[in-house]
Each structure stands twice: as C-alpha cells, then as structure tokens.
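Same chain, two partners: chain A is paired with chain B first, then with chain C.
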Partner chain A sequence: MAINLRTPQAETRDQRLGTITQWDGPASQLAKDSAFTFGCGRDCGPGGKRLCELNSPYSQASMCAEQIAVTNATIIKDTVVIQHSPIGCASSQSFTSRYSRDLAARRGWKPEDPKSICTNLGEQDMVFGGVDRLAETIRDAYERHHPRVIFVATSCATGIIGDDVDGTARQLEDELGIPIVALHCEGFKSRHWSSGWDVIEHGILRRLVPNRTHEKNPDLLNVIHLGGPDVFTPLVGPLGLKVNLIMGGNSLERLADLSTAAATVTMCFVLSYLATGLEQEYGVPEIRAPLPYGQDATDNWLRDIARVTQREHLVEAVIASERARIAPELERLRGLLKGKKGFVAAGAAFAHGLIADLRELGVTVDDAYSFHHDPSTDSGDPEQDSLGHLIQTTGEIENFTVSPDQHFQTHAALKRSNPDFVICRHSGTTATLAGRLGIPVLPIFYSNDGLGYEGLLTIGRAILRVLPRRRFYEDVAAHSAFPYQPWWLEQTNPYALDTAEAAE
Partner chain B sequence: MNVVSQISTDTSSSFAAQPGPIEQVRYACALGALTSVIAVEGAIPITHCGPGCASKQFHALSGISGYQGGEFHVPSTNIGNKEVIFGGADRLDELITSTLKVMEAELYVVQSGCIPGLVGDDVENLVKGYQRRGVPIVFAETLGYRGTNFTGHETVVKAIIEQYVAKQPAVPKRTGLVNVWALLPYQNPFWRGDLTEIRRILEGIGLEVNILFGPASEGLSEWRAIPSAAVNLVLGPWLGLSIARDLEAAYDQTTLHIPALPVGARATAAFLRKVGDHAGLDRRKVDAFIAREEKTYYHYLRDFAQFYAGCTSQYRLPSEVNIVADSAYALAVAKFLVGDLGLNPGVVVITENPPESERAAIRAAFRDLAPGIDADPLFESDGHKAHAAIRAHPRVGELPIVFGSTWETGIAGEIDAPLVEISYPVTDEVVLSRSYIGYRGALQLIERTYTTVVRQSTEENPEGTAL
Partner chain C sequence: MSRKPKQIAIYGKGGIGKSTTTSNISAALVEAGYKVMQFGCDPKADSTTTLRGGEYIPSVLDLLAEKRRVDAREAVFKGFGGIYCVEAGGPAPGVGCAGRGIITAVELLKQQRIFEDLDLDYVIYDVLGDVVCGGFAVPVREGIAEHVFTVSSADFMAIYAANNLFRGIEKFSSSGGALLGGIIANSINTDFQRDIIEDFAKRTSTPIVQYVPRSLTVTQAELSGKTTIEAAPQSEQADVYRALARHIAEHETSKVPTPLSQVELREWSASWAEHIVRMERADRERARAVA
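For the complex of A and B:
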C-alpha cells in the first residue's frame, strides 16, 4: 500500500501494516501467520493461517504515540514544538530535555534546552474549543525563539473536542511565514506507540523535505535511526559514503538533504515509513537487506549498500578487514558468555536484531518479548521480514511473546525463561522488573549499540559489565514483593488470563 | 464529536488553568496524583485514560525527578478508538474485574483522565457497584484538563477518606495523634526523607503521627486511624488545607496550619513548640527534645562556621538567593537562607499555580524572612517568564545563587550563579532518603549548597578567585 502524503494525518500502523500487540507462541508460527496474512511473500507453505490476536482483559499502563512523535520533533534543531493539550501531556518535557542534553554530549553539540511549549488547556477550552489558545501560543513561540519551523502536536483531548489544528496551523503559517507542521498523534488512535514514528516521519516527509533530486549526491547515504552516537560512519565511511544521520536530533539542513541522497537505510524497520516514502516520492532507493545484526547480516547489508550505490569493488576488502579486526575480541567474549541464557525484550525488528547478536555471541535465546509485531512493512517487500530472516538464519525462538510492555505478562515470561540476564529497551517496565526478580539487566537506551561488527563487541562487553550486579538485584529481590495474587506470581504463561477467560 | 462535559462542581472547582502557554513544565496533570496513591503502601491506582497518560505522569514525576523510582505496574484501560466512540465504561468494568483477579491490594483507587470526562463515561456509578459488593475501591475524578497533580492529590485523598476511611468501623480518639498533610509525594523529590524527618521530630516531642505516605508510613492502617487523631497538621502554604477543613467538620478535629516547613534549629524549635502547645504537650518534654537536637545541630554549625567565615575557603560565597520552586519549598528555603544563613532575597518565583484564594496568604508568609526583610514572590508557571524576571532583577555587587529545577541551568549560567536543584524537575540529582528540612535536613541542605558552590568555583575559576 502506498504512503499517502496528501492528508496531514498519517494512517496508523494498525491500519497500514496490521500491527498487533498481543500474541504468544513459537516465533516460527508468528512469522508464518504474518506471511500468510500479508502477501504470502515468504514461508507461505501449508499450515499457515490468518494472524490472530489475543485479547487480555487485564492491561497495565502503556505508552502512546504522542510521546514518540513529540520527543522526536522536539529534538530537531531550530524548531519549537507546541503540545496542544492539557498540561499532563507536556510533563514529558523534562525527559526530553535530559535526553536532548545527553544526545548533545554524545554527538558533540552545544547543550541547550529543546524548545517545547504547552497550550495548557483547561476545562473552559474543552467546552469552547482551544484554537484561540493555540494561535496565541504559536505567536508566542515565534516571538520567544524565532524558530525556523513550528510543530503542533495534537492530544487525545483536542482530537475529541475536534479543534481545527490544521486550519489554525495554515492560518498562522501565512501570518508568520514559516512552516507550521501539524502532528496528529492522539494517543487513543493507535494501539501502539510506534505509530508516533510514522507521525513525525510523515510530517517531515510532507513538509520538510524539498525536492532536490536534481542535486543528487552519489556519496550521500541517508541513515534513519532511533537516536544516539554515530556508529555508521565507521561502517560505511570506508566505502566512500557520507552518512546523513536522520532522527535522534537532526538539523533542518540534514532533512533538506534527504532527497539528494544515493540511498536510504533504516536501522530498524519500525522506522521504515520515511525510507519507503523517500523512495516513493523522490526515487531514493531504500536498502531492504536484513538489518546488520551479526557478521553475516552485516556483510550482506554492506554488499547491498555497495550494490545500490555502485561501489561493489570496495566492499569485500572492508568486510574482510572488519571481520579480522573483531575476531580475537569476539572469541574472548564468546568464551566468557558460553552457556549463558539471555532474554530479549524490545520492539519488533529491533528485538529480532538483538537476538541475532546474542546468538552470534554464543548466548542461548529461547525466549523473547516484542512490544508489538508488524506483519508487514510499508515497502511490502518480504526482504524486510526480519522475524522470518532471524528464524531462517539462527533458528526457532520457542517462546515468543508480543505485548506492549505489560509488567504482569513480562513477569510470567521471565518466570518461564529464568534467564541469566535480560537485554531490553523501553526500560521503564522490563528493566525494573528483571532487576527486582534478581536478574541482571542490560537496558539499551541508544539502540545503535548492537549494530554491525563493532555492535557485537559493544553488546558482549556490556553484558559482562552487568552480570556481577546479580549480587545487588538478588539482595533486593529477596527483600521485596510484587502485589500480584499468588496464582499469578506462579504463572508462566503471559496470556494465561486470556486463555482462562476463553475457557469460562 | 460530541462533548458531554459538565462544569465541575466538586472540590477542584477552584482550579483554573493559568492563562497563556507554559514552557518548561513544572507539574503534572490531575491524573498525576496516581503517584499519591502509589505513595500509600497497600493501595493501587486503576486508571481509566489513554494508553500513555498514566505512565507519562508517573515517569515524569518519579523518574526524571531525582530518579525516585517506585512501584509502577498500574492497571489502565489504555483507551482506544472504540472506547472514544462507544464509551469506555464497559472496558473499565472489565479492567476492574480482571484487576481484582490478578492484583492484590488493600485499596484500589479508580482515577479517570481526560477522555472519560469528554465522552461522558459514568465511572462513579460503576465504582459504586463494586463498593456495594464490598470491594475496597474508591473513585477519584482526576480529569487532566481539570487540575494539576496538586489539586488531583486533594481529590484523591478526599476520595479515600470519604469512600474508604469513613466506611471503616469507628475508632476511639487518641489524644496526641496527629494527621500530617505536608509535601506532595514525588512532585517534591525529597518528600520521602522530609516526611521521615517530620515524623521523627514529632515523635521526639511525644506525639503519635499518621504520616500517611512513603517509607516512614505504616500504610493504610494509618489511613484507617485518621478519624482517631485529635489534630490535623497542615505543614505548607496551602496544600492539604481543604482536606483538613473537611476532616475538622467530620471528626471533631482541630487544624493547625503552619505555612513554612521548618528548616534549621530556629524554625524547627518554634515549630515544635507551636505543635506541642496546640496538642497540649508538656512544654518541658518538648524543650528537652529540642535541647538534645540543638546540641548536635549546633556542633555541626560551629564547625561549618570555619568554612562560612572564609578562612579555609577562597570561594565566592553567594549573597543573594533566587528561588524557582513550588510554594512549600520556596518559602522554607527562603526563610532558612535569608533568616538563618544571612543571604539577601533576590527573585522568588512560585511555580505550581496555587489557588487564587490562597495567594494573599502565601505572599504574606514571605514577609519578615528576617526581621524587616521581605521577599515579594511572583506567581508564574511559565519558565520563559520566570527566567525573564531573574534576568531583569538588578543586582549590584551581589553574588547570586539559584535554588530551582533543572530548567534553571541556563539562567543560572547566565547570571553566573551556582544552581541547587530543589524543585521539579530534578534531572541531575539522584535522591533516596535525603531531606532538606528539620534539623538533619538543614545540615544536608547546607552540605549540598556549599558543595555546589565549591564545585562551581573550582570548575570556573581553576586558580580560585578571592573577591
């Protein structure tokens, strides 16, 4: 399905990709059902069935698309983000500020507070509408900071009362003469927070990427990542490619270069909306090779980039030299991690990548936990079936749970797995839970840590650093408890409640 | 879409969103009061709101503010399209039923957010159904657009008192038992240590204490004992006052309101004598405790005087205190820094949008910080305007220091002032049991303040600048 840039509102990933958030079983079944349901690209042999989502009556607080969209808009330089919402939606500003300052330190930027302003809607605004407050706030934002772009993010409240955000944005755009980009990110609209990536990428693609295809730069590679240090230049620099790192705090200039690049890679297919859109709108090819987790995948990923950017003559030497470089340290890490059992919890393609890394490091992974599952990608290309690829290259994952970071389900999954350590993202729930159960945990804040050849070493060393913390976690675990009913504390099936309800 | 919203007639009706936009947000919405429930051992909030609401409020208040942590596995309906269009009461019903199957708590507090308010879910009647079946459950309407986590806190506390505490078997009065209504849990990153210190000094003079929140509390058994108390001690400029007034009427209790949290020996001694007199304690016992505490306190102060007198320090000791904080800490810190340490008041910004009705009293509390020395606080929630006020303040020959939040990093740098983080959000401090009030807290506040001064002087003036 093509990406529709005519409307200011991005279609949710539930609608576009059939994203699900509740499932449990062997990973091979999930891959097979996904393929069967969406296009029969791969593994669509006999035994496939339509992907069927579970439905737990119990649920715990999750996260929303607004937070992803707003955070990633806020850290774009020379912009102001307006959260058109009651004050609570904007309470994440402190997180964004900390994140922004941390990013600045890692990327060598000047540390400064990102600019975001809340329209601070109250009860009167719910009754009479909040567009006047919005207009006033947009003018204030312009006067205070003279930004080059203003983003306006919606909220559940403004979505329900039906404020005409697009109309107000257009009107103020004429008045102020700078782009005012609406981000439609009402939390209730999508079942999964990752739709927030689509919202911000939709806004960027629609409004901040001028058509400069005539200025093609054959050496420029767009790299769309979640944020963090640039681990890509060392990887593709030797091929003579220059990295245009997108998301995780861009300048507007970087965004304006997007249409001039030779190709786009995405570091996680959860973010592939922008890459697919660039190909669709500007003919910038999207690299669809499986993500570079583990040596073989990284080899093939580099080869695909080299093929698309016509530098195949350089790539084999780079691969050989990188493999030789990491070999001794990889051997050392494998020796130390031998016999260890890991548990992975992360979002879809990112989780699949971490599992590949762990397995290459010699760690056993029988259990994993994905915060959502996309049965398809925007390109519709089965090459991007990262779960299918993982199973094909590294084998089955016996217990594969899809759940939007639900504490009670993670508790059951961890009891079933009993791992030596947990590696996870969105560390709020899983990391704390693992620690409290006495299990050492490696939370991945910057998701580039596991990428490429060096990523194997980075992850391996990081795991070894956290393993001794078992001494701390076990102590805490022995002196604290969770307020679950005894039957749930014993539970090892994350969807036991769903099954029980079905049996009633 | 249709809007079925009634203008509130409940206790939070005094709330008005500050007009104008807010940059650098310093509090959460009413739903954020779920942290007050989490602060009560044995209670669990059940949230009826969008998928990101509860976790955002919790992580903002507990995580990115002193990294306080805390128990977060909060049931939530995570409202989606379906509930927005068709109403969410059935989904909440399903969630409550399954919560009772999975979780184990002494008390469940159902909190609603913006969406159920706008689509008109009848949460109250749904919860009443569970109450009739004997489930220990209450409902607090904490619509995000109808208040802050401060007003939400009062709503939640009143809901627990009216729908849970009042339904418990009657308990005998205990003279000498005090209910304490003080700092807002989680919003103030030092609340755990502060409530522990308040409990310690009140018990020190011979009182029994319902501290109600945090590690120093016995949990819900204290809440059930609220009617037994003789006195409600409201410690702070305004938060908790309306709770105490309700209790006064319901349980024949008295209210003692002390606007300034005591910091340091002078304020704490005066505080303890006032509480002791109100509760009818033997003055000699109170004085004996004060004497013991002062002996230790002044031992430390005597030794600190060596640093403060300057003979061992070449640092630029600050002379003017600027504060950007909630009214409770703004007042407490101003009184100590001006009244006890001898600084001059600079700009004081009060950030939590206190009710209009309380502002004159708050203003009055800033008079006579030291004899004849007043501060004139500015009520402002918007960081941009707060910083403009600090920037515009004339200071000739003064060496400023800023007590504020992480948001003040930039402005403190601009006026070349050290920054001590005391108010939300505190992203550059890890806080466990540290306290800044009472006897022990005052010493820690001095430590933190002058460690910051020394580090800043050292970083910026490697040679040391003697002025």
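For the complex of A and C:
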C-alpha cells in the first residue's frame, strides 16, 4: 500500500506495517511468521503461520510517539515547535535541549537553544476548545522568534476533544506567510513510539520538500539516520558522493534538497517512511540493500549505491581498500573478543545490525531484545527484511524478545541470557538495569557507531573498554534491589505473565 | 485517476427525520444513475438501515473494537441500488468518547483511500445534529464535505439546533471548512409552519432547498425497513425526495451562514410566541363570534 500524503495524519505503523510490540521465541520463527503474514518475502516456504502477538497483562512506562515527533521537529533549525498540549507533554523538551546542543557540538554548529512553546492547555481549554489559544501562540512564536517554519504538534488531549489544528494552521499560514506544519502525534494512536518517526517524516514530506526534480544533482545522496555524527561521508565520499544528512538535526535547506538527490539510503529501516515516500513522490530511488553492518553487508550496500548512482567502476577499489585498512585491527579485536557472549537491546532493524556486527567480531549472541518489530516495510520489498537477512547470513538467535523497553521483562531476559556484556540503545532503562544486575554495559546513544567497516572497529573497541569494568558493576549489583516478588526475580521467561491467549 | 466525489454533510436535531431524508436522497441519487456512499456519523449506527431492508451493519468502530488493524473495506456494505453503506458507530451510551469515534472512523476511511477507490460521485454524511464537540464537526472541516444541509422542522428546538450548526460552520469557514447549502424543511404541512421556517431562513440569509411534507407513506416505508423511493416509488412523496436529490445534485455554491446570536434567537422566538398567542386569541374570538 502506497504512502498516503493526501491526509495530514500519517497512518500508524501498526496499521501500515502490522507492527507488534510483544513477542518471544526463536528469531527464525518471528521472521517466518512475519513473512507469511505480510506478503511472503524471504524464507516463506510451506508450513507458515500467522504472526501472533503476545499479550502482557500490564506495561511499565516507556516512551511516547509524541516525544519522537516533537524532538525531531524541534532540532530542525530556524523553526519553532508548538506543543498543543497540557504542560506535562513538554517535559521531554529538557532532553531535546540537551540533545540539540550535543548534536551541535558534534556536527560543528553553533550551539543554540532550540525554540519550543507549549500552549499549556487547562481545564477551560478542554471544555471550550483550545484553537484560539493555539492561534495566539502561533502568532507569539512568529513575533518572538521569526522562524521560517512553525510545527504544531498535537497531543492526546487535543486529539480527543477534536481541536481543528489543521484548519487553524492553514488560517495562520495565510496570515503569517510561512509554512505551519501540523504533526498529528497523539500518543494513544499507536502502540509504539517509533510511529513518531512516521509523523515527522510525513510532515516533512508533505510540506517541506519542494519538487525540484528538474535540478537533479547526480552526486547527492540523501542519508536518513537517527542522529549523530556524520560517519557516512568517509564511506561514500570516495565514490564521489556528497551526503545530505537528514533527521537528527536538519537545516531547511537540506530538506529542500531531498528531491534533487540521486538516491536515498536509510540507516535504519524503522525510518524508511521518508525514503519510500521520496521514491513514490519524486522518483528518487530508495536503496533497499540490507543495512551496512558487517563487511559483506557493507560491500553489497556500497555496490547497490554505486549501481543506482552509476559509479560501479569506482566501488570495487573502495571496498578492497577499506577491507585491507581494517583487517589487522579487526583481527586483533576478534582475538580479544573470542568466546565472549553479548546481549543486544535496540529497536528493530538497528538491533539486527548490531547483532551482525557482534557476530562478525566473533562474539556469541544467543539472546536479543528488540523494542518493537515491523513485519514489513513501506516499500514492501523483501530486501528490507533485516531480520530475515540477519538469520540467513549469520544464523539463528535462540531467544529473541520483542518488548517496548519493559524493565521487568528485560530483567527476565537478562537472567536467561547471563551475558558477558550488554549493548543497548535507549540507555535509560536497559543500561541501568544491566548495571544493577552486575553486567558490563555499553549504552549507545548515537546509533551510527556500528555502521560500515569502521563501525566494526568502533563497536569492538568500545566493548573492550567496558568488559574490564565487571568488578565495578558487581559492586553496583551488590547494592541494588529490584521491586519484584522473589518468584519474578527467578523468572527467565520475559512473558511468563502472559495470559497465553494469543491476541492478534 | 479517480475523480473527487462531491461530499455533502446533512445535519439536524435527533429525531427530526435526518436519516430518513438522507437515505431517500441517496436512493434517489442512485436511481438517477450516480455512485453513492452514505456514511452514518452517529453512535447509534442506524443511518443506513432503510437502505438495507431494516438490517443493521457492523460499524467501523465495531471492527476497531475487535482488532488493532482494520481493513476499512470490511465496513463498507452494499445497500439499495448499490449504495455503499458505512456506519461510523461508537461507544455504548455513557462511556468513552463518541466524538473521537467519528474522528477515528472518518480518518481510517480517508487514509485507506476508500472514497477514491470506489470511484464515487457522492459521499453523504448523515451526522448527529447537535454539534456538541470537535468530533461531530469533523465532516464540515477542510478536506471532507464541501456542502452542508440541515434538516429542520418548524419546531423551535430543531431551529435552535440548526442555528448552532450555522455557528459551527461559520467558525470553520475561515479555515477552509464546508459551507452552508441550505435548509431542508421537513414535516412542513401548514402555512403557519412554513411561515416560521421561512422567517428563520430569511433572518439567517439561508435558502430553503426543499419542503418535505409529513407523510404516512414515509412511516409505512420505514416500518417495512425501506426508503420511500424503494417502497413507494410511484408516490407523490417519492417525487418530493427526487426533487430534493436533484436540487442537491445541481447545487454548486454554498455560503458562509449568518447565524443569530443567542440574544437574537431568544428575541426571535419570543416574537413568534407572542404572534402565536395573538393568533390563537383571534381564532378563539372568531369562534365565539360565530357562535
């Protein structure tokens, strides 16, 4: 099903991709059931069955799609984000502010506080409607900051009372003469926070990407990533490609260049909505080769980019030189990591990539934890089945848990795995938990660390830095207690509480 | 490339005959050869029953209650003459949020491109009359219906509801929302009723699209689970609905309404109350004089 840009609201990924958040079992089963249920991509032989989600009786707090959409809008330069919400929704903006400054430092930008305003809705606004207050706030934002674009993010509260945010945005757009982009990110709409990526990418694609296909730049490669330093230029620069790094802090100019590029790559298929949309709307080809985690995958990824951008004559030399460059260090790392057991916790395609890296470094990975699972992608191309690819190229993961960062379930999964170290994203929950269980942990905030040839070395070295800290973590564990009953503390099945009713 | 259907919303106070009128318009349009969808936006989910022989259909929100992923096509049923029938549905009385239900149901159909895929000429929304919250205003917002008609009798409460609707339309008109097509004057059988509704129409500069008399034919058809067009196609009443459908089909330009303020409405109804008293007194005196 094509992406529908006619409506201001992005369809949730639960609806589009069949995204699930609760599952446990061998990874091969998950890949097979996903393929069987959603279009039979890779490995869909006879004997398939419908993908059935588990049904945990309760949830601990994790994250909200609204935060993803709002944070990623806020860090776009020369814009103001208005959260049309009660003030509590704005609590995550202190994180955004820190994130924005950190990004600026890493990307060599002038550190500036991002601009964001909350309409601070109260009881009266819920009863009488909040659009007048929104209109006033949009005018204030314009007067105070003179932004080039204003985003208006909705909230659960405004979604329920049915405030006409689109109409107000349109009206103020006529009045002020700048784009006012509504982001429909009510937290209740999707069961997973990653839907927030779709919301911001939907807003960008609908409103901030002009059709400049006639100005085609054959050397420009759109790279859509989660955020962090530019590790892509060293990878594709030797092919004569210039990187247009998108998400994780954009300028409006970069967004305006999207339709001129020769191709788009996505560094995590969780974010591929924008890439698929660019291909659909402007014919910018989306590179769908498996993500560049590990040497073989990186070789093939570069070859696919070279094929699409017509520079195949350059690519083999780049691959050979990169492989030769990292070989001695890779050998050394493999020697030091041999026999170690790792546990990976991250979001879907990114988790699959990290597992590939660890296995190439000689680390054993029998257990992994994915914060959600997308059984299909927007392109519908089985090439993007990153879990299927991982299993096909590196083998089974016996215990593969899908859980939206649920502390109590991570506890059981880590008990079951008993790894030498944990590598994780969304460090708030998993990293502290692992530490309190006495396991050395490598939290990754900027998810580009494991990419490409150099990524193998970066990850390998980082693991070697945390492994010697076991004593420290054991001390932490000795002083830690968990708020669980003794029977749960002994559990090794993250879904032991499951009602055993397989819900859809 | 699919064309854009003409989208019409019909509002009116509960019990005023809105679903009856809407279903007869749909039936007349389909009889005239158009492809029509009728979309019931009322938690009672009974807008389309007379298009389906008195049978209720599962609503969009019934499907959503059962499973997380909804194929909106499963909520589309064919009725009389091939009319596509959809009911938004909603929560049980006293729980949840019916307004949010309308938002969710309309959005699901839009996102899944149901209107485009069915290649429709008309989508007619039959909406619960009192626009009590943002959800019930969804059909009149930008990008959904272009024309709104209100069904009203000469009953003062129905006129109050119509005036409230005008206020809602006026509010959204500046942000690209639907505009007012006119009043469908329902159950108008006496000159006196006609005077009241005409006076209201004049005060609010709103055209009256059609007068629909109260008729036993309609009741009989309803009781047999049918529209008048289906049950009594040769009747005079069926021709009234055909004329109404023709007016709606030919209708091109709607306007921003000029609703009465609360005070004006009160004064207006008070003046009619005095007028009624005067008329009744005159009638009584005439009767006495005759005696």
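Just so we're on the same page, the second predicted complex is superposed on the first by the 498 of 504 C-alpha atoms of A that agree within 3 Å, B and C clash if a C-alpha of one lies under 4 Å from a C-alpha of the other, contacts with A are read in each partner's own complex, and residues count from 1 in each chain.
Convention: contacts are C-beta pairs under 8 Å (C-beta built on N, C-alpha and C of every residue); 3 or more make two chains touch, one makes a residue touch a chain.
Everything numeric in this text was worked out from a predicted model, so none of it was measured.
Visitor: Should A:11 be classified as contacting the first partner (chain B), the second (chain C), both, or neither?
Guide: It touches chain C, and chain B stays clear.
Visitor: A:160 in the overlay: touching chain B, chain C, both, or neither? Say first, second, both or neither.
Guide: Touch partners of A:160: chain B and chain C.
Visitor: Pick one for A:191: touches chain B only (first), chain C only (second), both, or neither.
Guide: Both partners, chain B and chain C.
Visitor: Of the partners chain B and chain C, which touch A:339 in the superposed model: first, second, both, neither?
Guide: After superposition on chain A, A:339 lies in contact with neither partner.
Visitor: Scan A:171 for contacts with chain B and chain C and give back first, second, both or neither.
Guide: Touch partner of A:171: chain C, not chain B.
Visitor: Considering only touches as defined above, state whether A:482 meets chain B (first), chain C (second), both or neither.
Guide: It touches chain B, and chain C stays clear.
Visitor: With the two complexes superposed on chain A, say which partner A:59 touches: chain B (first), chain C (second), both, or neither.
Guide: First partner only, chain B.
Visitor: Classify the contacts of A:497 with the two partner chains as first (chain B alone), second (chain C alone), both, or neither.
Guide: In the superposed model, A:497 contacts chain B only, not chain C.
Visitor: With both structures placed on chain A, which of the two partners, chain B or chain C, ends up touching more residues of chain A?
Guide: B
Visitor: Do chain B and chain C land on any of the same chain A residues, and which?
Guide: 160-162, 191
Visitor: In the complex formed with chain B, which residues of chain A make contact?
Guide: Against chain B, chain A makes touches at 56-67, 82, 86-95, 97-98, 112-113, 115-127, 133, 136-137, 140-141, 144, 155-157, 160-162, 187-189, 191, 193, 404, 407-408, 428-429, 432-433, 482-486, 488, 497.
Visitor: Of all residues in chain C, which touch chain A in the complex?
Guide: 67-70, 97, 99-100, 103, 107, 110-113, 133-138, 141-143, 172, 174-177
Visitor: Give every residue of chain A touching chain C within the complex, in rising order.
Guide: Contacts found on chain A: 1, 4, 6-9, 11, 14-15, 18, 129, 159-164, 166-168, 170-171, 191, 504.
Visitor: Give the list of chain B residues in touch with chain A in this complex.
Guide: Residues of chain B touching chain A: 1, 3, 5, 7-8, 15-18, 20-25, 27-32, 44, 47, 50-61, 63-65, 69, 71-81, 83-84, 94-95, 97-99, 101-105, 113-115, 117-119, 143-146, 148, 384, 406-407, 409-410, 424-425, 427.
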